[in-house]
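Letters A, B, C and D mark the chains as written, and numbering starts fresh at 1 in each.
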Amino acid sequence: MQPLKPAGVGLRTRLFQIIFESSTPLGKGFDIALALLILLSVTVVLLDSVETYHQRYGDYFYYAEWVVTALFTLEIGLRIYCLEKPIQYLKSFYGVIDVLAVLPTWLALVLPGAQTLVVIRLLRTLRLFRVLEMMSLVGQGKLLVDAMKRSRGQIMLFLFSVMMLVTIFSSIIYLIEPAEAGFTSIPKAIYWGIVTLTTVGYGDITPVTPLGQFISIMIMLTGYSIIALPVGVFSAEVIQTLRNERYSDEACPGCGKHQHERDARYCKFCGTWLNEETTNPPEEKPAS
Amino acid sequence: MQPLKPAGVGLRTRLFQIIFESSTPLGKGFDIALALLILLSVTVVLLDSVETYHQRYGDYFYYAEWVVTALFTLEIGLRIYCLEKPIQYLKSFYGVIDVLAVLPTWLALVLPGAQTLVVIRLLRTLRLFRVLEMMSLVGQGKLLVDAMKRSRGQIMLFLFSVMMLVTIFSSIIYLIEPAEAGFTSIPKAIYWGIVTLTTVGYGDITPVTPLGQFISIMIMLTGYSIIALPVGVFSAEVIQTLRNERYSDEACPGCGKHQHERDARYCKFCGTWLNEETTNPPEEKPAS
Amino acid sequence: MQPLKPAGVGLRTRLFQIIFESSTPLGKGFDIALALLILLSVTVVLLDSVETYHQRYGDYFYYAEWVVTALFTLEIGLRIYCLEKPIQYLKSFYGVIDVLAVLPTWLALVLPGAQTLVVIRLLRTLRLFRVLEMMSLVGQGKLLVDAMKRSRGQIMLFLFSVMMLVTIFSSIIYLIEPAEAGFTSIPKAIYWGIVTLTTVGYGDITPVTPLGQFISIMIMLTGYSIIALPVGVFSAEVIQTLRNERYSDEACPGCGKHQHERDARYCKFCGTWLNEETTNPPEEKPAS
Amino acid sequence: MQPLKPAGVGLRTRLFQIIFESSTPLGKGFDIALALLILLSVTVVLLDSVETYHQRYGDYFYYAEWVVTALFTLEIGLRIYCLEKPIQYLKSFYGVIDVLAVLPTWLALVLPGAQTLVVIRLLRTLRLFRVLEMMSLVGQGKLLVDAMKRSRGQIMLFLFSVMMLVTIFSSIIYLIEPAEAGFTSIPKAIYWGIVTLTTVGYGDITPVTPLGQFISIMIMLTGYSIIALPVGVFSAEVIQTLRNERYSDEACPGCGKHQHERDARYCKFCGTWLNEETTNPPEEKPAS
């Protein structure tokens, strides 16, 4: 998301500071109020989906939904009003979610069925990350995200290999097991294979022949062991990331290169003395 | 819990040493006796909840419960008697548990239903950590607790993201799957989502439509892979904690290098004496 | 797989470059086209196994299968044509898979039942690794494979110990639990034991006696804890592998210290030039 | 197990070398033959437990069992014959297992029911570790065992905490959920709690009330997250153990202490120059 800029000075700038920033007390208050409103709207959506609550409190949920929709729409209006380039906001990730959250209720006025899509509103919970950011929890998540980015290729390769392994094993099971056991097609056998390999094990489909059970054992042991792969790779990446904090941010005064370990005294690229504050007499060079 | 102090000298001090400390043989004996009594009371509660045992040995369990309650009440009385500030104890974590453990039985004299709450007594098992402490097992747990504290923020962020992911996936499943499959409401779909993502997989609710099964596969693979995140972060923290324990933060006065093990007396790089408080020939100290 | 060589010059060499290599645009195009064809053939096999699709689109699947078979057979023909030693290819891993993928359809002309074996075609998905290779994803997998090779012995020992543990526990359960609960034979009890230890937990067989449930708890806790073994070993190996990649094995010619990063040109401890092949002022080299 | 010694010279010494050692070809052959015999006996026990096989091949299994018993008994006889202190062998771990493996069959001659205990024979599979030892696989397991020993205290503390957590959570579930859902007693609720926390999830007992499902979610998320604890601790221990291989076995020539890192040049305890082969002139001291 590119940085959004306020539309002008005065009221619009103040609104911008309140809505888009959280450095001022009012800005923080707005973020917290919005988070509470989102939680309320989510609670309404969740409870309204329960049949007994819907029958008993359906009307209240209906009013609550309209109040929430009105407030969310007002919020979108204010965001558009105080921005210099509102289109940029509307095309951004959060902008799309904001609009999607209110759309179903408005659409329901003309299309009765659209009401069901109010579930989309749950996506707005992503806005809650804003509050976490204020709690400086997200900063800690940077480590997770960094390590995830670096291990992404390996995790994808791992998942691809897992999928191929499951496909091959599942086809064998499909040939062996009778359809009555639930293995009615290869896609269904693959579903069962993933349920087994990931050690979820619903038990809605289970092998009944001794050979099928033997192959299941192979899949289970494989799933049980290869979890070590993504965990191992990710652990190593996290440790690496933590270690990178060991590297100094300082550039070498000689060649300008970075990535010197914090305990390095000479640039590993050009041999220049790294501590500028002290003089670097050549006779001291061998003394390290 | 703030340190508790004995109420005076003589008998009360001796009682304090026996009940609250475990440095004397009598103190150790008291802790072990209390642990055995707690285990007995827990066993009674557990067995009494089994219908067949309750019918056959219900009377004995009733007597045992009263004996245990009497002894626990006596123990609380002694603790209060030998302390200088008994209120401080009663407000402490263990104090509350101690009182809660005897309360239901006494309450049952006036309120018949209170009997059911005797289950609260199980909380007293926390007192067993006292015996573990004597076995110097808890000391080893410090590493676990330290690493947990340092990775707490990341684990919480992880759980929050997991919850949001599950909420969004579960809502989709709720829209797709028929209510007969068990997805009668979004909260129930979330329950199913957690059962699936954590790879528990009861199988009480399972998707029946191909699309629902496909989304289930996504959730399973996600749950199977992202377990790498908390494990990786926690492993890194434990390794960090272990390393910090081994290496001193002090730099060598001779060559300025860090990373000396805590038991090292001479720098492993230049042979300089590491303890500054002792004299150290200045001619061996090159300027760093 | 030994390197395969083209049969001659001209057309056959060009064909070789297209089919077996992916350095030219045509070669890349061939690999991608083949990958798409494989995905198509896999999709056909998967969908044809679904009863409703088979009844509705069975004919189209039949034609698609023959088109795919024809193209795959043509591909094998071209591979044989442009190679110097085609036998070497036919005996290679991928050669066997290539032939196995087309065999069932051709065999079905004489042996009606052979049709079922068309599932073998799914093995051809292994060819998809070729496309991953181009996406330079496989290179990242080298780390996984290296660490797997190094931890193989320990993982095998782990699996063997697990199998023995399960065998012993399962025999005990077999003696304790009634046959009605599903424990009809020791092999079946072992199947249940693996289902339990790997935390899959189908629930198709579950213990019903208190003693059986107690032993199940032992197996579950064991399975839950010992997953730490392969994960721990593998994590350590990945970390080791990553470290080995970053640090050079060479010692500094100046101070004899190791642990220089591969991209270092000067020793980070004493500032000596690390590449011996270049001249390096001898007066800067203290005897080590 | 203390080292066993041969009874004398000549035949008994040669027998000792064959049976107890595996340095000679005959000794290796004996170990492999014994391993195969054990596998045969295990296979017979497993297959005989399958009802259909028992009815069809019961007689053959009966003969096979007697042959195996006779050979195992002969083996014990030979072991006793060639040892100086046979009692020491009979009291050893493997000695007890060897006798237990043949006892049920002999006992069945006088006590018909003893036959069932033939399952104990499965314990003899432990002897298979002998063959693994020859394959030098066990040596690799030393790392696992070392790391397990060092993390044992923490893993035990972890399991104890898990048990207490489960007990408390399960009691709450027992109070909330109706008995019809399967939560008929606290021990049964604890069984369910372990099934849930270890993510096994049989599904034989599942919560049906919303509150029960909410608490189940807590247990699942706990179980899903805290697996990071033993894995993290164990990973750290394995890495530590691997790093210890970095320590030199050499003692300091000055103070005789061990545990110097391989790249250390001066003793970290007394500052003595560690490389004995080179002279240690004091002017070289700062040059490291």
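Throughout what follows, contacts are C-beta pairs under 8 Å (C-beta built on N, C-alpha and C of every residue); 3 or more make two chains touch, one makes a residue touch a chain.
Bear in mind that the values here come from a model prediction, so they are computed numbers and not experimental data.
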Intersection of contact partners for chain B and chain D: A, C
Same or different residue numbers at the chain A/chain C copy interface, by half rule: different
Geometric centre distance via CA averages, chain C-chain B, whole Å: 40
Mean-CA-position distance for chain B and chain A (Å): 29
Multi-chain contact residues (two or more partners), chain C: 158, 187-188, 190, 199-203, 223, 227, 231, 233, 235, 239, 255, 269-270, 286
Chain contact graph, described as a line, ring, star, complete graph or other shape: complete
Residues of chain A touching chain D in the complex: 199-203, 231, 235, 286-288
Interfacial residue positions of chain D with respect to chain C in the complex: 42, 45-47, 49-51, 116, 119, 122-123, 125-126, 128, 132, 137-138, 140-141, 143-144, 147-148, 155, 158-159, 162, 187-188, 190-191, 194-195, 197-204, 223, 227, 230-231, 233-235, 237-239, 242, 263, 265, 284, 287-288
Touching residues on chain C, where the partner in the complex is chain D: 153-154, 156-158, 160, 164, 167-168, 171-172, 174-175, 184-188, 190, 196, 199-203, 206, 210, 213-214, 216-217, 220-221, 223-225, 227-229, 231-233, 235-236, 239-240, 255-259, 269-270, 286-288
